[in-house]
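We just call them A, B, C, D, E and F in the order they show up, numbering each chain from 1.
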Amino acid sequence: MALFDLSLDKLRAYRSASTEPEDFDAFWSGTLEEARRFSLDARFEPVDTGLTTVEVFDVTFAGFGGHPVKGWLTLPAGAGEPLPLVVEFVGYGGGRGLPHEHLLWASAGRAHFVMDTRGQGSAWGGGGGTEDPVGSGPAFPGYMTRGIDAPENYYYRRVFTDAVRAVEAARSHPLTDASRTVVTGGSQGGGITIAVGGLVPDLAGVAPDVPFLCDFPRATTLTDRNPYREIGSFLKTHRGRAADVRRTLSYFDGVHFAARGTAPALFSAALEDQTCPPSTVFAAFNAWAHENKTIEVYDFNDHEGGGPYQEAAQLRWMRDRV
Amino acid sequence: MALFDLSLDKLRAYRSASTEPEDFDAFWSGTLEEARRFSLDARFEPVDTGLTTVEVFDVTFAGFGGHPVKGWLTLPAGAGEPLPLVVEFVGYGGGRGLPHEHLLWASAGRAHFVMDTRGQGSAWGGGGGTEDPVGSGPAFPGYMTRGIDAPENYYYRRVFTDAVRAVEAARSHPLTDASRTVVTGGSQGGGITIAVGGLVPDLAGVAPDVPFLCDFPRATTLTDRNPYREIGSFLKTHRGRAADVRRTLSYFDGVHFAARGTAPALFSAALEDQTCPPSTVFAAFNAWAHENKTIEVYDFNDHEGGGPYQEAAQLRWMRDRV
Amino acid sequence: MALFDLSLDKLRAYRSASTEPEDFDAFWSGTLEEARRFSLDARFEPVDTGLTTVEVFDVTFAGFGGHPVKGWLTLPAGAGEPLPLVVEFVGYGGGRGLPHEHLLWASAGRAHFVMDTRGQGSAWGGGGGTEDPVGSGPAFPGYMTRGIDAPENYYYRRVFTDAVRAVEAARSHPLTDASRTVVTGGSQGGGITIAVGGLVPDLAGVAPDVPFLCDFPRATTLTDRNPYREIGSFLKTHRGRAADVRRTLSYFDGVHFAARGTAPALFSAALEDQTCPPSTVFAAFNAWAHENKTIEVYDFNDHEGGGPYQEAAQLRWMRDRV
Amino acid sequence: MALFDLSLDKLRAYRSASTEPEDFDAFWSGTLEEARRFSLDARFEPVDTGLTTVEVFDVTFAGFGGHPVKGWLTLPAGAGEPLPLVVEFVGYGGGRGLPHEHLLWASAGRAHFVMDTRGQGSAWGGGGGTEDPVGSGPAFPGYMTRGIDAPENYYYRRVFTDAVRAVEAARSHPLTDASRTVVTGGSQGGGITIAVGGLVPDLAGVAPDVPFLCDFPRATTLTDRNPYREIGSFLKTHRGRAADVRRTLSYFDGVHFAARGTAPALFSAALEDQTCPPSTVFAAFNAWAHENKTIEVYDFNDHEGGGPYQEAAQLRWMRDRV
Amino acid sequence: MALFDLSLDKLRAYRSASTEPEDFDAFWSGTLEEARRFSLDARFEPVDTGLTTVEVFDVTFAGFGGHPVKGWLTLPAGAGEPLPLVVEFVGYGGGRGLPHEHLLWASAGRAHFVMDTRGQGSAWGGGGGTEDPVGSGPAFPGYMTRGIDAPENYYYRRVFTDAVRAVEAARSHPLTDASRTVVTGGSQGGGITIAVGGLVPDLAGVAPDVPFLCDFPRATTLTDRNPYREIGSFLKTHRGRAADVRRTLSYFDGVHFAARGTAPALFSAALEDQTCPPSTVFAAFNAWAHENKTIEVYDFNDHEGGGPYQEAAQLRWMRDRV
Amino acid sequence: MALFDLSLDKLRAYRSASTEPEDFDAFWSGTLEEARRFSLDARFEPVDTGLTTVEVFDVTFAGFGGHPVKGWLTLPAGAGEPLPLVVEFVGYGGGRGLPHEHLLWASAGRAHFVMDTRGQGSAWGGGGGTEDPVGSGPAFPGYMTRGIDAPENYYYRRVFTDAVRAVEAARSHPLTDASRTVVTGGSQGGGITIAVGGLVPDLAGVAPDVPFLCDFPRATTLTDRNPYREIGSFLKTHRGRAADVRRTLSYFDGVHFAARGTAPALFSAALEDQTCPPSTVFAAFNAWAHENKTIEVYDFNDHEGGGPYQEAAQLRWMRDRV
C-alpha cells in the first residue's frame, strides 16, 4: 500500500512503547568518560581538491577506544574568523566519500565537518576510510546486529561515541565557533544526530532528516526493509533471543535520546517511507524535549524524503540560527 | 550476468553498425537555422539561495521553436572577469532541480550553466520547470518515442536544439568566456553533450559520462532496461514499423555526432552498465573525431559509473584545459 | 494481502471524501461548448477487413480543439435500419487497435463504435492512431500528470471531451439509433464511460467495468500500481504541490460525474483489484444518481475483473434494454 | 538481454538436435487406432448466447480413451451449405472459455471449432470444462511432467489424440467442408497444431502461432520460463532421469511432426519470445515438410508475438486458401 | 509488513469462521470404511543404505482406493522390542525422499515412518515415488484444486485416507508399539497431522508444525502465497464457484478435525508466516479438543518456523510421553 | 538462461586464469605456523541431546590467533575404538547449528566433526556461536570483503586456519582415527574443504560439494549472486582497487589449493548453479593434483546441487575408503 503507516493525525499523537533502561544515563556517561580518557588528537591536513571557493582538510581524531576516525572539514576559502559549524553524519553503508561531494554548507558560509562511519563506506557513494577494529559474535551481514548480545558490545555504542568526539574535534579547529554548532544528517545520519542531540548539551540546533535508529520495537515489526530488517533476520536464526536484543537496543533508541534533547530541532519525515517509517520518526520527534521543534512532512515520498527541498528548508532554518 | 557486454579488448575495437543518413548535416543545419530565427532572448535573474560562495541566476532563453527554456547559471561570488564555462545537461527524467544541487563547478572557479530538459523533471531530484509545448502521435510513456514517426517530429530534435541554444545563452553572459567552454553531462546529459559536441564547432572540451543515445541499433536489442527499452516497447505494439523508427533514430545517434566532434573529449563507461551498455558508449568514443580523447573505464559499476570519481577525473582534466 | 481493501459490507456503504469543485458544471459546460464550436466533421470510410458478418468503417471526427480523433464503427453486415448503439472506450495505454479485435457488439446485433484515445495506443494490443497535438509542462512518464497544473490543461479534459464528441459522431451515422445508446469500457474506458454518463444527458445505459479515474484522494494513497501511482510519482518530485494536484483532479473524478448520472448503470468491481481498488469503484457506484443500478462483484479477481463473464453479464443486461 | 536467442540469419538455418525415435510412426498410428476404437460420438447442442450474427453449438466428442471432450462450434448465422473449417487449439492453462470469446473465424465466414484442453482451463480466460480422468506418478505442478516416465503415459499423448479426434468431430458436422480444413492455435495451441499437421493427412493448411512443444532439447536448456521450465524443475528433484525424460519427449517433439507435415503452413515467431524461444519455433518451421510455408517474424515481441497482426496475416493467408 | 496478521493477544483468542458440514463425521467414517475394504497389505523390504545405527525398510501399503502408497520405516539398529512410533507426513510438493534424509526420530530411539504423498515429490528434496492414479476436472496447477468440485473427488480425501492407513501400516510392524504412536509433520505434513489427529482415536500425541490446510475462509483471503493461493487462482478463472469450493473445503478444514482431537498436542506457529499465516494455525490450535496442548510461537520467523528449534522442542515433549 | 555457463565439454577442459602468487606456500606455512604457536586446547563436553544412537560433544578449540572456535563431535553411541573421521565445514551464513542437525555421518558409523564458522551463523539454520574478534576496514556487508585490503587481514585467512586446526582438534579425540580422515562440505564448506585439502598433507579423502571460493577472476565477473557478488559490490564503491583485491584473493583461490591436493577427491557441480557457477567448480576440479578424482554433475540443478543424491554418492564413495 502506498500509505502503510499511521495517518498524519495519529502520527502527531503517537508515542513509542520503547522502555527506557534505568541506567541509560549512567551507561552513556560512563561510555563517554571512557572514550575521553584517550586524547582527542584531532589533526587537520589540507587537501588539494581543485576547488577554489572552499578549503578542505583531511581530519583524523580519536573516537571510541581511541581508534582513529576520519572526516573532512570544509571551510569557505579565506575565512578569517570562527564560523558557525555544521557537523554531519552519513547514511547507512556510506562513508565520508570524496571532499567535493560535500559542498552545501561551506557554500552557505558555514564550517562543515562530515564524519566517516567506522567500518562502513562500501555500499554507495565515494566510499569510506575508517576501520572498526572491534570484532563481534555471530551477526547477520550488515552492522545492525554486531555485538547485539550486550549494550557494551553493540556497534552503535562505538559509532555514537565517535560522533560525540567528532563534534569535539570539529569544535577544536580555530575557525569554528563552538557556540554555534548544529548537527545534522539523513537516515542513519539522522539517528546519530538525535543521539548526539541527547548527549551533547550545548548545541545550537539539530536537524535530523528521515532519521533511522528510532522506536525499535515498532520499527522491527513494521517494515521488511533493511537495515531495520537485519534485526529480524538475526532473530529468525537466533530464535528465543528477542528479549535480549530488545534490551540492548533500548540503550540506543532515538526515542530516549530525544527525551534529553536540549536544542531547537528541525526534523523531517516521509509518509511513504518504508525504510524509516514515519511513525518511528514521529516517535522521536514527539519525544524531543526542546519546545522549539518543527517537522517537515513529505506526503508522497519514500525514504528519499524531501531531498533538496529539505536542504532548502534547513538552509532557511539555519539562516535564522547560526 | 555481471559482465554481459563485450570484453574490454573488443570494446576498444568496436564500431557501430548505425548507418548515417545522407542528409544528416543538412537536417541539423536546417534545424539550427530555423531555431536561430527566434531571438535568443537570454534573461538572467538573480536568485536568493542563502549561499554565500556562489551567485545564482535563474535563466530563461528561447530554445527550439522559440519556446522558453530554463536553466541556472552559477558563478563564484564576486567574479570580476569572464570565467571558463561549463555547460551541463541532465539525466533522463530529471530537471534543473534546485540551485544548491549544482555546486561543483562554480566551487571549482568556473561559470556553470545547467539546462532544464523540456517536459522532463518529474521523475527524480528537485524537479524541472520547462514545458514542451509540442504534442505527439501515439507514443509509449516516456520521451523516447514522442514524434518518432519522423526526424522532424522527434522529441530529441527539440532537446538537442535547446542544448545548442543553451550554450549560446550561457556564453552571452558577460562573466563567461566563450572560448573556454566545456560541455558535460551524465547519461542522457552525456548523450546531449555528444550531440552538442558535434553541432557546436568551437568548444574547448566535451565530457560525456556514461552517455545515453548512442548506437541505437545495438542498444535497442541488447538491453531490457528503460529508457532504451521504451523503443522496443513501442515497436512491440507498432509491429512492422522498425525500419521507420530506425531511420528516425539515425538522425539522433551519438555515433554520428561523434564523427563530427571537434574538441578534446573525456568519456566514461562502466562495464556492467545495463542502462547504457559499454559497447554503445565505446561506439561513440571510438567514432569521436578529435584525436585528443580519453575514456575512463569502471570495471564493476552499473549505470552509476564513476560517480564522484568521474567528477574528480573531470576536475583534473579541466584543470589543464579551462 | 489477497484482500487489501474494505470488506464487501463496508464497500457497499463507502462514500468518497473527494470534494466537488463549485464550478464543476460550469467548467464542463464551458469545455463542451468550446469543443462544439468546431464542426464535428464525422467521416466514415469502409474498410476491407476480410470479415463477412460485419462491416467496418474507419471513422474520423473532430474532438477537443477540433483535433482529428479516430475510431472504428462496426455494424452487422446488411443492416437496413438504425441499430442500438454501443460506444466503447479503451483501457490505459491501448488504442482502437485493428478492426477484428472488436467483434462482440456487432455480433450481438448492435452498432459498435470504439474510440481511439489520443496519444495512447503504444503499450499493448493493436495500437492507436490518434495524435494528441497538445504539449505539457514537466510530467511523469504516462498520461496522468500531463497538464495537471490546472484543470484547463489537464490531459483528461481533452479525452473526456473527445468521448462526448465520439458519442455524437457515432450517433450521426444513419444506421445508429441515438435513442438507444449505451456507453461502456473497462478500466480507463470505464472511467471515461462514467464521465460521459455524467456529461451526456440522454443515454440508455452505461456499463463501466472495473473503472479507473474515480475517488482520486483514496486511490492515490491506497495503491502502488500505475497508472494511479503516476500521480504519486509526480508528487514525489514536485513536493508541496499536492493541493494543486488534488484541485485539478477534482474536476475529473468519476465520483462527481456519477452524481450526475442519468441512465441505468451496470458496474463491475473486483475485490483484489490493486489497479482500480474496489473502494474507488464503489465510491463511484454508490454515488451514481440513477436508481436503476447494479454492480457485479468478482471475489478473487485482480484487475482482469470478470473478463468474459462481465461481457456475458453485459450481453444479458443490454438484451433487456437496447 | 532483449535479444537472447540466435540472430535471424542463424535462425533461418537452424536445425534441432532432437533425435527421432525409430518407432515414432508406429507409436502414433497405434495410439490413434486405439482411440478410434471408441465411437466418436460427436454431439452438437445449440447455445443461446445472445449473439445474432453467429450460431454456437456446445460440442462433446470422445477423445483419447473415449473420454468426453468439449468444444464450441461457431457458424455464421444462417449458413446454408458446408463452410471452410478452422479448428483451433488453445494456449497452456486455458480452456475453451465462453462462446463469445471466439468470434473471429465465424465473422470471417468460416465454421470454427475450438477444442477444450483436458484438465486445463483454470489459469486464465473463461475457463475449461473437460476432465482428464487419468492420474499420474509424481509430477511437478502443471501438465508438462504428467506421465513423463513413458511415452504411453505422457499427458500430451492424450491431448494430441483428442486434437486429431476434434478435427474428425468438427468435420462430422453437416455444415463443415472437410476438404477445406485449416488447423491453428497459439503457443500450446500452436504445438498441438503442428502435431495435428503431422498426424492428419488431408488438411488444407496449418497456422501455428509462436508454437510451444518444439525442440525440447534446446528449449529445456535455453529458457527459465514455464511451462518448458516445468521439465527442468522436475529433473531438479528427479536427478538422473534426464535421459528417460528426453526419450519420452522425443515422441512429442513438434520437430518430428513437422517433418511429416503435408499441408501449406503459416508460422509465426517472435525474436524476444522467452516462453517459446524463436530457435525452437524455427526448428519446427525449418523441418516442416511441405514446400509451401511462410513464417512471420516479430522483431520486438515476446510471447505475445504478432497478436492481432498475426490474426490479420492469417485472415489474408486463408482468404486465398479456404 | 513484517507482522501482517493478528497480534499475539488476538491470535490467542481467535476463532475461525469456517462452518462445519453437518455430515462431516459421516463423510469421513464412510470414506475410511470404504478404504478399509481393501486389504492394508503392508510390506516392509529392508534397504541397504550404508547406515549402521539404523535399519530402513521400504514400505508399501494400500491407501485410498487400495492404491499402493510408499514410505520408509526407520528403526534404531538391533531393536529387540516394540518401540514408540513417530509417523511423519511431509510438506507440499515433497516426497519421502531418500532414507538418509530422515534420521532424527530413529536416532532418538523411536520407530519412524514417513509417508510419501501421492502424486507429489517433484518440487524439492529427494523426490517421491507414489502415483495418484485418479484424474481430475480442470484444475489450477498444483494439488489444491484437484477434484475441488465435490468433497468426494477432492485430492485431500485421498491423502488423508492414505495417512490414516499409514498409521495402521506402521503400527502393523512387530517392532512398533501402537499404543505409543505420535503423528507429526510440518506445513502440509502438519495439516495432515491434524486430520489424522481427528480421525484416529488412540494416538499418544500429535505435533503439527506450522500446519497448512486450516481455516480456509481466512487463509484464502489473507495470503497471496501458494499453495493457499492456488485456490484463489482457480476461482479467478472459475468466477462464481466460490460457494461450491468453500463447501468442498469445509470437509477438509483442520479446524474441524481439531475439534475432534483426542490426544495431547504440540503445535507451532510463526508470526511472520505468510504461507501458513499464524491466525490460521491458531484457528486449529484454539479449536483443538484435548486440554493438554501447547503452542510454540516464533516471533520473527516466516514459514521456516522454528526449524531445528522446533525439533528440539518436539524431542523434549516426546521424551515425557513416548 | 537456464544453462548460462560453459557446456559440459568445455567445462571438462576449462582452466582458470587465476594467477598463483609466488609466495603462496610461504604465506600459508607462515600462517599455520603462527596459529600453532597457540596451544590447540581442544575440549570435548558431552551434551544431553535426547538422542540415543549417537553421543554428542560440544567442542572448543583454539583457532587462528588462539581464538576459541566451536564445533560438535558426534559419535555412534558406544563406540569402543577409533573410528574413521569426517570433518565438515558449513555453507555461507550458517553455523554449526544444533547437534541433531548433523546425524548423517555418525549414523553411517563415522566420527563426525562440524566446525562453526567464525562470525557467521545468523542467516539460516540453527545458528552459530563463534565470535570473530577481529575487526576490519570498510567492507561491504557480509564476509567476503572483510580485510580484503591485504592477504594478512583477509577474513578467510582466519577461517582456513581455523579449519586446519579443526582437523587437528577432531583428530585429537581418542575415538577418532586420524589416518582415516575425510573432509567435506557444501558451498563455502566445499571451498574450505579444498583449502584444507591443499594444506593438510595426510587426508584420506576430500569431498567438496558445489564448492565456493574458487576461480575468483571468473566468478566475480560471471554471476550477479551473493556472496561472490559482495566483491563486485565492494569494488563498485571502491573504484580503482580491483587489482589489489585480485591480489588478495589469489592467496585464497581454491584453484591454487587444488593444485596441492594430495588425497582422492569427490567433487560435485551443478550446471545451472548461479551461486557457484560450474566453470568455477571445474576450475578447481581440473586443477586437483591427485589423480584419483571424480566429479558428479547435476544437469538441471542450481546451487542446491545433488542434495541428498550427493550425500548418497558420498556414502558410497566413503564406504570404499574409510
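We take it that a residue touches a chain if its C-beta (ideal position, glycine included) is under 8 Å from a C-beta of that chain, and two chains touch if they have at least 3 such contacts.
Treat the numbers as computed from the prediction; the structure is a model and nothing was measured.
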{"item": "Chain C and chain A - chains in contact with each", "value": "B, E"}
{"item": "Minimum number of chain-to-chain contact steps, chain C to chain E", "value": "1"}
{"item": "Same vs different contact residues, chain A with chain E, by half of numbers used", "value": "different"}
{"item": "Centre-of-Cα separation between chain F and chain E, whole angstrom", "value": "37"}
{"item": "CA centroid of chain B to CA centroid of chain C, Å", "value": "39"}
{"item": "Approximate Å spacing (C-alpha centroids) for the pair chain A, chain D", "value": "63"}
{"item": "For chain A, residues contacting two or more additional chains", "value": "125-126, 233, 309"}
{"item": "Chains grouped in pairs wherever the two touch, ordered by label", "value": "A-B, A-C, A-E, A-F, B-C, B-D, B-F, C-D, C-E, D-E, D-F, E-F"}
{"item": "Contacting residues of chain C [partner chain A, same complex]", "value": "4, 220-224, 229, 232-233, 235-236, 239-240, 242"}
{"item": "Interface residues, chain D side, partner chain C - complex", "value": "49-54, 76-77, 97-98, 100-101, 103-104, 106-109, 125-126, 307-309, 311-312, 315-316, 319"}
{"item": "Contacting residues of chain D [partner chain E, same complex]", "value": "93, 95, 119-143, 145, 233-234, 237-238"}
{"item": "Touching residues on chain F, where the partner in the complex is chain D", "value": "1-3, 272, 298-302, 304, 306, 309"}
